[in-house]
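The same subunit A turns up in both complexes below, where it pairs with subunit B and then with subunit C.
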Partner chain A sequence: MAATAGDVNRPISPGSLPAPTYEPIVPGERSTPGRLGWWRRVRRTRASAIVGFCALGLILFLAVAGPWISRYDPIKPDPFNITASPSGAHWMGTDQYGRDVFARVVDAARLDLMVAVAITAIALTIGAVVGGLTGYFGGIVDDVVMRVVDILLSFPAFVLAIGITAMLGNETKFVVIAVAIAYTPYFVRLVRSEMLSLREAEYAAAAKCVGNRRLRILGYHLLPNALPPALVQATLTLGWGILDTAGLSFLGVGIRPPTAEWGVLVSDGTQYINSGQWWISVFPGIAILIAVLGFNLVGEWVRDAVARR
Partner chain B sequence: MSLGRYLLRRLAWSVVTLFGVIVTVFVVTRVLPGDPVLVKAGAYATPEIREAISKQLGLDKPFLVQLITYVGDVLRGDLGESIRSGHPVREDLSNRLPATIELALAALFFAGTSGIPLGIWAAVRRGSWIDGVVHQVAIVGAATPLFWFGLVLIYLFYHLWHIAPAPVGRLATELQPPRDLTGLYTVDALVTGNWTVLRDALAHLALPTFALGFVVMSPFIKMSRSAMLNVLESDYVLAARSLGLSDREIVRQDALKNALVSLLTVTGIVLGYLLAGNVLVETIFSWPGIGYYAWNAITGSDYDAINGFVLVVAIIYVVLNVVIDVAYTLIDPRIRLG
Partner chain C sequence: MTSRPSALISIHNLTIAFPDETGERFTPVVKDVSLTVGRHEILGLVGESGSGKTQTALAILALTRPPGRVVGGSVLVDGEDVVGMDEAELRRVRGKKAAMIFQSPRTSLNPLMTIGDQIGRVYQRHRGLGKSAARTASLAMLRRVGIAGPERVAASYPHQLSGGMAQRVMIGMMVACGPELLIADEPTTGLDVTIQAQIFDLIQEVQAETGMSVLLITHDLGVVAETCHRVAVMQAGRVVEIAPVAELFARPRHPYTIRLLGALLRPDQPFDLTRETMQVSPETVLEIEGRHYRAVSVDSWAAKGVSTPELVEVGPEHVVLCHVTEVGAPIVAGAST
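On to the complex of A and B.
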């Protein structure tokens, strides 16, 4: 479900791209000495970006410090404490097997973050390599790759991921592969189009003149400059990766219970919503919301930073 | 390039894309490391049964023959048979498609009619608190897990406040569906003047529409805001202002029409969201469309049905994108020339 979805052949109209915002550079401001320099920089950052970093910080803290915050086992059932409502002992209540929902939400944070990072890393790496090579060298390989990319983009990403996981099976690594396949085309297209304009740059010609080999120009001179837009996309993909992973698990083609994963947790509570035990589903969903919100806000911040470059 | 030739080329490409989509689904189902025989026969099948199934699927034949057979089957409309329903998958899907279309159209309508005005409002009041709040709505909407949001709505509106009907299906069980004209219950009930059914159908439609619409609203807000900002800062709006036209008139007459092109782009993006989100929403609300069918197929390991669903959704998506592209050329003459 990427924001860049749509047909590749479609021309981008001048009205569809938001103009990059430029912050005025005030002379001398950067060199302002004093201990409060960092604080001034924080204050100049957009409030939404700060919220985003705080949200991610919270999720990251839960993921890392989880086992020390919660004294309950996220997997082991406790038959004497079934569907207990939130209380001092169980902050987010317990589910239908008596497991502490908070312990499970915290345990899932680590898995969901790792899955999202793995998905994004795969998509970004393949995108950078394939997009870089095809964009720089062009030719028939480029044509073929772009057709494949077009075809993969004709599937809504999530639906393609459903099809792949349904065939591969319910394992975490297959979920990662499926979602990564669905998002890779976006990265290929992005890096390629950057590369197309960069290879005409004068410094590329200069690098060639002084005798650099083409692969070195591509990897050392051009790729680093083609990557920033892909990094924006990567930040957003981290969020979408979480949403899609959770969605797949919710449908039953993703990560399987009893593993603590946010989508599995929400799915656990669906039967109990209509009898009033809202906490089983609601809290894990809020965790997803916070994490994705964090990645989206930070993604916006990265995009503005790239646009200011 | 003339309009006719442009359209012809666009259609030719879409045929190539459709072919590619069919091949992709084939590759995903037959070539990826998953074992279709194991999947179809189950883990406890005897070797004889497995061999028979392998033969039935044509897996003993060379790859190209398999591919050609598969493409031929799909082109003839043969998507296999559902294990659960015992019907051809194509029949199952086409029976359930109207329910999905009704929900998707309702959500698209809701997202558009609330997202576009919100975006325009934010652009006109750029930098004010209104702009800020609208931005928050867009950001939160894009980050909301759809399946969770649907559950929250059910909890609030059905369980707690008893406003919404039970979140099962398109109509209350005691009501007969209206006479089948379009398959969209609300439209059919409206045409035949069946007010009880219309009211009930709308009541059942409301929550899933809101859930799906809220989540896909954010691209509408963002795009209409930035498009409107661009237009408002353009020279011809400046000219219109200098001629003494009021802001309201400018927005309605000039700006809106010029922002239309980018709104078409958003609609293309949103369609992808809608087709994907439908699976989740239909599952939660037991909405008898193709998404709910897909979920049933997933839980029942009904593989032909899952493949059929993926293929049909991709085909719908490709076709709709062609329609949008054609609409582009009709709105914006610059594209034809480019």
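On to the complex of A and C.
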């Protein structure tokens, strides 16, 4: 522009403004619907999310197809083949009882995924119901529940889970219950806080004024709207659930050997790492890494997707 | 006059109060309000923000938000007092006797359900229609409220609608319930002027067709003049004047009403802040002595020991809130209580 800094009072004449330039409007990728719509979607997805989905896909594939890929029994010992190093016959070697590590890792994938899903389902369900009810109705029950939640949250989840399994006994179902209890408070808090704002929503008032029951408004209209943040939490909890289950088993208070479980497998191999048989611990460790990484990356993606709403 | 037996809604001495932070002292936000909504009538409820219009309307559906509560009076809906009704009894009133549309239509719709689903559910629950019949009825209703392309709108989610469309949908949904009273709480806030006019036209049309009553809450006196049969003016939690529309605009009695009308911009009069009508302070009340009305200050009355103001009949169907002196005693006969 021609105007100098000291010339602020000079009226701006049309001629002193730069001529507007226009970007030519080119029909973009977005506006052309095509058969490859899904591929554009994939390309617009973040790389980390794609890595996450691939990791989960791999674990899921192994869990489902495992028995058809591996020829070995994950439980049966083979005394003639102990601590064999990875080879064409045993892709991940064998452990101190001659069991095929790959067969055990794959078998454990199925158990760990189911345990993680069960933990998350229980924590999410209880969290949604309790958080929804307390957030919507409030009152003294809300106060009591929130104090209990505060107490539970004051323990690290993992320490709480150790305490509960120690109390209940180390069976798979008790591990699930223990870890689920440890994670439920997070869901209760999350759903409750969401519900506190939603119960003031006008569509709640509108639903009420056409004669809906309160429980119906809560369950049918408000809860689905309160859930997205909890779903993000759920994806992350799947990963932490695996980590905690494996952790409990590794410490000997979770799932017990000879059941194939990643934590058990890592624990099995610890005594042999020093003597050079690294594969017994390392491969199940890598499996845990892939699964947890997958859930975390996908969790991040879900979080962003929810935030974009 | 408020106890006409034929009235659909009849509110008597309603007082609604909200507690302060300690929860001990209650501050009344609606004070001793009495008004009626007749059958097939459009009643306008006007007044500034915070004058208790919305709270009065919410009380008809017993939707007063805790911790606020009705601390006195009664709200008769078709002869039944909704104050003190339990949830089960209220469900017979909500939607069936009265329904309400709110200021922001888009947030009055569930963001996760399609428009068609939401209206359809109303038909299923209130009219007992089957799924496909409900869908047909929903599409017909959407067409009725002036939605072009009802099929497309029925399949959309609330965030895909414009404000005006969303308010049409809300009106359709509430009318689908078949209420005897539609409460419209500032239904055009945030809409542009042409859309506002369309929405008020729609409310009038639907009212004429279905014969339901309408309680229209608004700031807009122009809308009131065009749309309503009667008007109730509220100030600071009290109803200060009720009159038929023509009467109110021709002969406003209460100083607040006079000021309100005086604040209206009119093309035929230059706007003049110094005009006498503008100079009445909010504290003034109407004093009645014999047949004369004049504005005096509340303080001067407090000194004389006059306490609660009363609604006094000053014309056919025309009541005004005023303090009645010894001198004016005969006129008390026309008071609501």
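Simple rule for what comes next: the second predicted complex is superposed on the first by the 277 of 309 C-alpha atoms of A that agree within 3 Å, B and C clash if a C-alpha of one lies under 4 Å from a C-alpha of the other, contacts with A are read in each partner's own complex, and residues count from 1 in each chain.
We take it that a residue touches a chain if its C-beta (ideal position, glycine included) is under 8 Å from a C-beta of that chain, and two chains touch if they have at least 3 such contacts.
Please read these numbers as outputs of a predicted model, since none were measured by experiment.
Of the two partner chains, subunit B is the only one that A:I151 touches; subunit C does not reach it. In the overlay built on the shared chain, the residue A:L160 is in contact with subunit B alone; subunit C does not reach it. Shared-chain residue A:A206: touches subunit C; no touch with subunit B.
Contact with subunit B, but none with subunit C, is seen for A:I288 once the two complexes are overlaid on the shared chain. By the touch criterion defined above, A:P257 reaches neither subunit B nor subunit C. Touch criterion not met for A:G98: it reaches neither subunit B nor subunit C. Which of subunit B and subunit C touches more residues of subunit A is settled by the count: it is B.
Of the two partner chains, neither subunit B nor subunit C is touched by A:G219.
By the touch rule above, subunit A contacts subunit C in their complex via residues 201-203, 205-214, 221, 224-225.
Taken in their complex, subunit C has these residues touching subunit A: 61, 63, 87, 90-96, 98-104, 107-112, 122, 125-126, 170, 173-174, 177. Within the complex formed with subunit A, the subunit B residues making contact are 10, 13, 16-17, 20-21, 23-25, 28-29, 32-34, 36, 39, 135, 139-140, 142-149, 151-152, 154-155, 158-159, 219, 223, 226-227, 229-231, 258-259, 261-262, 265, 268-269, 272-273, 275-277, 279-280, 283-284, 294-295, 298-299, 303, 306-307, 309-310, 313-314, 317-318, 321, 324-325, 328, 332, 334-335, 338. On the subunit A side of its complex with subunit B, the touching residues are 1, 3, 5-7, 9-11, 13-19, 48, 147-148, 150-152, 154-160, 162-164, 166-169, 239, 243, 246-247, 250-253, 262-263, 266-267, 269-270, 273-276, 278, 281-282, 284-285, 288-289, 292-293, 296-297, 300.
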